[in-house]
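Structure, as structure tokens:
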Amino acid sequence: MTTHRLIPTAWHSVLGTLPVAITVESGDTIVTETIDANGWDKDGNKVANGPNPMNGPIAVAGAERGDTLRVDILDMTPNRATGWTRAALAANVVDPSFVTQLPERHRVTWLIDRNAQTARLESPPAALADMVLPLAPMIGCLGVAPAGGQAISTTTSAEHGGNMDYRRIAPGATAWFPISVPGALFFLGDCHAMQGDGEIVGTGIETSYEVTVRLTVEKRSIVWPRGETERDIFTLGNARPLEQALQHATTEMVRWLAELGLDALSAGHLLGQTVRYDVGNVFDPAYTMACRLPKNALPGRGR
Amino acid sequence: MTTHRLIPTAWHSVLGTLPVAITVESGDTIVTETIDANGWDKDGNKVANGPNPMNGPIAVAGAERGDTLRVDILDMTPNRATGWTRAALAANVVDPSFVTQLPERHRVTWLIDRNAQTARLESPPAALADMVLPLAPMIGCLGVAPAGGQAISTTTSAEHGGNMDYRRIAPGATAWFPISVPGALFFLGDCHAMQGDGEIVGTGIETSYEVTVRLTVEKRSIVWPRGETERDIFTLGNARPLEQALQHATTEMVRWLAELGLDALSAGHLLGQTVRYDVGNVFDPAYTMACRLPKNALPGRGR
Amino acid sequence: MTTHRLIPTAWHSVLGTLPVAITVESGDTIVTETIDANGWDKDGNKVANGPNPMNGPIAVAGAERGDTLRVDILDMTPNRATGWTRAALAANVVDPSFVTQLPERHRVTWLIDRNAQTARLESPPAALADMVLPLAPMIGCLGVAPAGGQAISTTTSAEHGGNMDYRRIAPGATAWFPISVPGALFFLGDCHAMQGDGEIVGTGIETSYEVTVRLTVEKRSIVWPRGETERDIFTLGNARPLEQALQHATTEMVRWLAELGLDALSAGHLLGQTVRYDVGNVFDPAYTMACRLPKNALPGRGR
Amino acid sequence: MTTHRLIPTAWHSVLGTLPVAITVESGDTIVTETIDANGWDKDGNKVANGPNPMNGPIAVAGAERGDTLRVDILDMTPNRATGWTRAALAANVVDPSFVTQLPERHRVTWLIDRNAQTARLESPPAALADMVLPLAPMIGCLGVAPAGGQAISTTTSAEHGGNMDYRRIAPGATAWFPISVPGALFFLGDCHAMQGDGEIVGTGIETSYEVTVRLTVEKRSIVWPRGETERDIFTLGNARPLEQALQHATTEMVRWLAELGLDALSAGHLLGQTVRYDVGNVFDPAYTMACRLPKNALPGRGR
């Protein structure tokens, strides 16, 4: 189990079958510094163009189409004292008749206090003068090369992952992605110091991070991304409208529960009374819905 | 401040301008026993037809169109040893191509242990033999008479409230509804011993409850239902698709924040990084989305 | 077969179980004058409030829940020299980011030339100075009382019909509605001198009409409204999002084709290659989609 | 103006920046034989894998990002005596609760009579024994390389075009696409001998065609695909849900009308009373809606 440091020389705004940045063995750990969604690095230099430039792709030896890539997010360390957001709600998250009341969506700066692990607006409006928020780092965009020669924009998402902006993809979590090409070709970037559900201003607090992940190939198949935190398991569906994303995520959870020994009837009973849905990105072309199940609701898990 | 006991002699499957069951003063408390979604009471007698027969309407003296009805949910006590659910996921919450893999949606019985405050299936499948779940009571359907002479089915929801199936409408919570007719005409029923997000089997654990609420008229206007718990404030949007429900709820939250002194710019900053969305009913004609904000994120609330 | 003249003394902005305006026998003809969507009659007097005040309800003797009401639209004669529209596209039919570029939605007057059977703007913008459009009359809102004590606003639509704004509901056409209450309780109003698909400015050319319909009870059941013109048969689904309306309409057409002797396989072959979809209302809470099949595509119809 | 014959040696299931098959001058004509959606050619040989293998890309000299590619469809000649369809409605075009009543979606053969210009099922069910349908050829999938290094599957569609399955993209029509890469990189394939609206069985009558197109670079910008037939102009939006596709198409039509001298107010008046919407593909990940305007409704066009 080797630890690699990936120092990117190119970044990508699509996830596809692109020239490999580094090849690792299954089980290896990679440390890499991501740049922000507009391509600014930890030193404030613009080194790439947006949207959401990705580090990678990282090839994992032995990965084949039909396998699953396990991604353990071991650490995320902010490495810049500032982040930025858009200043206004996106037009698609309010009533159409309310759109004319939204302010301009200019860019604003946040100050990130790495000691206190908090963020605050550099020039807050008076009403928010005292707003200091705890950091809650997450990876906004990550996933693998899609099937069939596709190269999918980092502004959207699908079965391969992508720009899902789900806040439980965070340090300590594990995510799984369905592998479509040899080597899996993993990408990551677009880290946020924090973000509300839905990324409804079109951004989290966008900044640069040092990220440590461990990549492992598993010889089994999944359809949509899955994940696990200390307390929950979850599946992710990506589509519009939001109920189609919910359908994908729910169906994937039923498949997962089948692997755990629950037939569709048992899965219905369990999910019907214990499921939780979380909203990921509702800003981009595909929306993300998580179907989440507390581990303590799973049979034999110590209820 | 009087406490009334409402003993229904009729139940209603629409919320509309119907004959008043009881008239109370603003600030009065009402204790009433609700029957289950199919019309079975605490003694197991079928006293009404479904869907979701409501107690009420309760008229509140002095309520006028344009006012707001505040509903404090003071207590919910289960008064029957059994509840029931549907056995399978609804066809609309899985992928269309997966529908053929769902089992029949027959009715199954749950045993409610009122001492232990838990529920379990009467005849669980083997995989769920040890599943015992903590009760989490909630009111599935409540609201006021809608405007313009409408009588809206208890299978759906709109600005007036209705069948929202949101699990934070629970003991200790407060909900507000926009009043459209003199007296407000409040209805409630369809209580659940517990329910997962979305009511994705088409039911929570359906049973009868003794419910205690306090009704207060407030001389201010809202557009969509609002609520408050110990930790959060929330707004509720009801529509399809789910993103339209999200738009309604988000817009209402922006209006609420404006009343609290935050202009649209400040609201965008705050919601963008701290909002939470919860899924209510995704089974019925209108879906429900809650836009929720932790109170500790509100300016001046002790962050 | 009697011909009745219904002279309304009250109008309704909901379709529900309301006091009967007139009772007729199955097969009778009714002549009645409708007022415009804001309640202005043929003489320019405001006699009712909007939205979409309806004439009716007309009870048909012998109609029972589970029957079907056949409505033959025998004639529509405009009886006012003016109509009106809204001046701008509705906010929900353009991209959310484009909403700020829409003009105000004020009311504008059209001149209706009943001899030439044309309409033109009273004060057209320069670019439309020569725009003279042929009249294409249609009934915007019609249907029967819904089930279960509901009273559904004339701004929306469902299984019972309502505000569908489908331009093939026009002179010479027949429409069918599923009956939910004794007497059927038929309503009509909201006539348009013409209208584009979708009613995307929120109005057709709104004016008053003398309408002649024949009402017949049929002892068979349907689920969603159906219709027939000289050249086509069609079914109507009402819901959001638009694909759900399409699902309802397509499913109803499959049921209709089954009644005509085509099993689901044959219906798939036929619809797959010959179906047409038309957009009704996309302005109101429920959208309308028509599933239409040219009669000459039906087996044994002279292809 | 040269006429080229493109004889493909490779086919593509994505539209992207791929190796150029042929480079032509603006205004040149290209004749090429397309294979069917599963990769079978005119001789019944499988020469490529699906889905929807494309001929191309064809580079047009001088085309730059921001330009528009004009595609005149000069001719489509069927060159095989058979086509195929799927036998059943897709699960997503009927009510979720109706899905279990659909038959299997196996592949069935149609006989194409090139003299009579008709098609009929090789082994029709009894109810369709006499069904003979007139050919109505169309190009199911066509468009240009998308922006930003994307390679978008031929099962879906976006601003660049793709699998729109719109039946007015047919001989005699002109289509325009927004150019995102040097040379435009035009692709075409997936021709249908006929197809109902929506491609609701997941196919038209899939077969091989000889297609003749003329490609011309225009130095102006558009956002979404546009088209023109003898009688109409139209714009195409691609997205889910269907109302978002409608929003894109309507917005693009307003932009087009602005180029023709109509401000947003005039466009609203004109579209409000004369627009037609047509449904393209409702089977694939993105749905297609056409916003269509009869030319005789355009100012100065001889109304």
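Structural remarks
We call the chains A, B, C and D, going by the order they appear; numbering starts again at 1 in every chain.
By definition in this document, contacts are C-beta pairs under 8 Å (C-beta built on N, C-alpha and C of every residue); 3 or more make two chains touch, one makes a residue touch a chain.
Quick caveat, the model's predicted, so the values are computed rather than measured.
Counted by C-beta pairs in contact, the busier of A-D and A-C is A-D. Note: the chain lying farthest from chain B is D, by mean C-alpha position. The distance from the centre of chain C to the centre of chain D, each centre being the mean of the chain's C-alpha atoms, comes to 32 Å.
Distance between chain centres (mean CA atoms), chain A to chain C: 47 Å.
Between chain A and chain D, the centres computed from C-alpha atoms are 34 Å apart. Annotation for chain C: residues touching 2 or more other chains are 92, 96, 240-241.
Against chain A, in their complex, chain B makes its touches with residues 85-89, 92-96, 98, 101-103, 108, 119, 121, 124-125, 127-133, 194-201, 203-205, 240-243, 246-248, 250-251, 254, 261-279, 282, 287, 297, 299-300, 303. Contact residues of chain A toward chain C in the complex are 90-92, 96-97, 99-100, 241. By the touch rule above, chain A contacts chain D in their complex via residues 12-14, 16, 148-153, 239-241, 244, 285.
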